[in-house]
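What follows is a group of structures, each given as structure tokens.
The two complexes that follow have chain A in common; it is paired with chain B in the first and with chain C in the second.
Here is the complex of A and B:
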């Protein structure tokens, strides 16, 4: 029952992200557009390219959607509104989101097209850059909570949110989450002007609709994870917990969508170099600082 | 957008007889499954076709090897005959078309990149703009008609070519230009330069996925195309804000510094040349420009960042010139009655200097030769993209500001 509610909330969230995305892109707040665009996509022909790897081609969009939903399953929206409060929740979300890479590689290989394939391999490189920067900041968050339970992580921030307690970790996680969701400026896999949409290039109609929905859901899941790990989850005065969760998630999503519009796309070589030469030392420093802080001022 | 590819297809037929070989030691071949005597790995099945028995491989030319014949993917076998790039990693090279309608390139430009993974191993470029009918090669037409035709040559810089034709005809006919007319023409030419340079910025923004800049530059370009002098001068604060904003934009420098470098070369024209430290500008020898206080903008690093800076500087300086010129001319058709003679003119179009030589006979143009900047720049594409990552290569091609319409193959 809770699972169903969470999935419905995710879908509603994806819809709101689509509205938000269009609003940020062209300044027009239209609530019907995502629905109409979705219906239009369902009505269009879904072309299968010549000589596809049929299994990869068909599975990829669905796998991306499943990966995003799985990740959301361990994130609490209120103390009770969580599908499964796994004892290893903070770890599980990493495991679930690894399938984003698998899905994009499959989407790249499946259609037997050059643009898509280069996009898929690019994302493999991107994973090498961002993966550690997802795991290591979460480690510091779990250290403070002394638990991998996501509800416990929220409770641990009752006095002071992690965004203040470990701002460095928040910065790293936020950027890495944008890279994981291949949002601009990290949209190397779907770059329109370099690869004519890359891994999405050969998808159309209903398959593209699933792909887009999965992408929106993924952004929601990562925004929710940022809220749970760094922004005190459901906590906040006056409003009920679910409202706080919702507002914070939308705010994080808006920040993620807006940031990419204000700068050019990153170069792959730079992403890789900064991820390893700057990001990982900073993530280690963050773990060290949090370790000291936890001992001094829990 | 579908792409023609030639990489290994996923599906391989399973009709030929099978033999077994080691993935690491291709010389180990037997007719039943087992393990390799050298390394102990499981032998993998491979189809045997009449023309590619492994024991005959030694003396064969593998350049045309067909991967379909192989039932397994031994990386050594698959890649041993492939050309190697500078990084030493052998990969299938694929020819990928970019254009003629590609989101990050000027329309009608066809760029075929040979990709080695994500690295460009070779490039071919051509224009598909069928504009030959408009070219004044073997022209024999009225002077007015000639000017109209040249103005239609390049829809991305119609005014510059109209002015070029006018000047050449006026020179041939020996017509003197009044100083006020010359200043009005400068106003018109500089307005077109501002619009064109804003278009360059918009393409740069489009290529790098920089949506904010794309919207701003496109809006300003649209606004400046037909603006009068007052409207143009009103754009100054907006353009200053844009420049200031770009200086603070994160990632912009790392995206453009040191990339797309070109050696100084006599093929370089216009902003591309000035970014390479070459003071190639037809305006610097024009007395009317000198009188208005013209000075060239110049950078020395010859990379994409230098081109960006030169374009931004020139937008500001063009506004100064428009202010000093005092008016924007509409460039009416020339009146040359029955004049005869040879004429030559050079105009600094937004993409660089274009040169036109023509012969006038009884008020009719009987022959003409045209040299355009994009024609020269097209031949630079190979040097510009070689061994660059795909994204950098496309951005470098974009930074040349090619107009497919003025390219003459």
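Here is the complex of A and C:
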């Protein structure tokens, strides 16, 4: 029952992300647009390009959706509102979200189209840039919580949220989460102006609808993960826990979408250079600083 | 819930997601089918088939990063159990992992100095 509720909340969240994205992109707040656009996409033809790798082509959007949903399953919205309180939760979300790469590579390879292929390979490079910056900050979070249980991670932030305790880790994780969700400054795989939507280029109709839904869900999952790991999850005064979770997740989503509007798209080579020459030394420094802090002032 | 039940639930959610997508496909099917017309199924390259074949070997120009990435990714597998017991073990854990990470970081610096961190 709980899992069904959480999946429905996730879908509602994906809808809100779509509304927010449109609002931030073109300044019009319209609540019906995502629903109408979704129905319209169901009504359009879903063309399969000639000579595709059919298995890859069909699997990619579904795998992306599964990856986003499974990632969200270990994140608590309130102390009880969590599908599976896995003992390895913080590790499981990494494992689930790695399949984003697999799905995008499949979507790139499958249709046998040049733009899609370039998008897919670009995302592989992007993974090499961002992956460490997802994993390393989470390690520092687990060090403070002494556990990989996501509920325990939230409880460990009762005195002081991790965004204050380890701001460096928060900054790195936030940027890396945007890169993982291929949001605008890092949308190398689906670059509209360069690649005619890249990995999405060959998808149309219902398959595109699934792809877009998966991407929106992914943004939601990552915003929820940021809230759980750094913003104290459900904790906060006056309001009930679920309200705090919801408000924080929406705020983080809006911040991610807004940040993307303010920057030009980064080149893949630059992204990797920044990730490895600046990001990873900073992430290691973060682990060391948190290590000292945890011993001195728990 | 035991952990086996938890993983069973996650498997069920995976299957449920596939079922949801299949039902969407079935719903879309009731609206109508794509008509087969010449030229419609050409991949998006300005309406023509691309000049060169697409499924060929690509040069992974970031292989320097990729090799370093492998080393760091393996290292992270050790970091997670270490992070969980870190506070219990205390200073010894910090020094142990500090030495390990320092050696790894020296590897990164060495790779950097040898020009691994650029597109080749």
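To be clear about the criterion, the second predicted complex is superposed on the first by the 298 of 298 C-alpha atoms of A that agree within 3 Å, B and C clash if a C-alpha of one lies under 4 Å from a C-alpha of the other, contacts with A are read in each partner's own complex, and residues count from 1 in each chain.
To be clear about the criterion, a residue touches a chain if its C-beta (ideal position, glycine included) is under 8 Å from a C-beta of that chain, and two chains touch if they have at least 3 such contacts.
Computed from a prediction, not measured in an experiment: that's the story for all the values here.
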Review point. Where does A:184 make contact in the superposed view: on chain B (first), on chain C (second), on both, or on neither?
Key: first
Practice item. Between chain B and chain C, point out the one touching more chain A residues. Key: C
Exercise for review: Identify the partner contact of A:293: answer first if only chain B is touched, second if only chain C is, both if each is, neither if none is.
Suggested key: neither
**Study point:** Partner chain in contact with A:49 - chain B first, chain C second, else both or neither
**Key:** both
Exercise for review: Pick one for A:66: touches chain B only (first), chain C only (second), both, or neither.
Suggested key: second
Check your understanding: Which partner does A:168 reach: the first (chain B), the second (chain C), both, or neither?
Key -> neither
Exercise for review: Could you say whether A:261 touches chain B, chain C, both of them, or neither, answering first, second, both or neither?
Suggested key: first
Exercise for review: For A:122, decide between first (touching chain B), second (touching chain C), both and neither.
Suggested key: first
Review point. Touching A:136 in the superposition: chain B (first), chain C (second), both, neither?
Key: second
Practice item. Look at A:98 in the shared chain and tell me whether it touches chain B only, chain C only, both, or neither; answer first, second, both or neither. Key: neither
Study note, to complete from the structure: Footprint intersection on chain A (chain B / chain C) at 49-50, 109, 112-117, 121, 196-197, 201-202, 268-269
Check your understanding: How about chain B: which of its residues touch chain A in the complex?
Key -> 1-5, 7, 9-11, 94, 96, 102-104, 115, 117-118, 205-213, 249-252, 254-255, 389-392, 394
**Study point:** Contacting residues of chain A [partner chain C, same complex]
**Key:** 3, 7, 42-43, 45-50, 61-62, 65-66, 69-70, 73, 83-87, 90-91, 109, 111-117, 121, 124-125, 128-129, 131-132, 135-136, 139-140, 142-143, 146-148, 196-197, 201-202, 205-206, 209-210, 268-269, 272-273, 276-277, 280-281, 284, 287-288, 291-292, 294-295, 298
Revision key, fill the gap. In the complex, the residues of chain A that touch chain B are 25, 49-53, 109, 112-118, 121-122, 184-185, 187-188, 191-197, 201-202, 260-270
Exercise for review: Name, in rising order, each residue of chain C that touches chain A in their complex.
Suggested key: 1, 3, 6-7, 9-10, 13-14, 17-18, 21, 24-25, 27-28, 31-35, 40-45, 50, 54-55, 58, 60-62, 65-66, 68-69, 72-73, 76, 79-80, 83-88, 90-91, 94, 97-98, 101, 105, 108, 112, 117-119
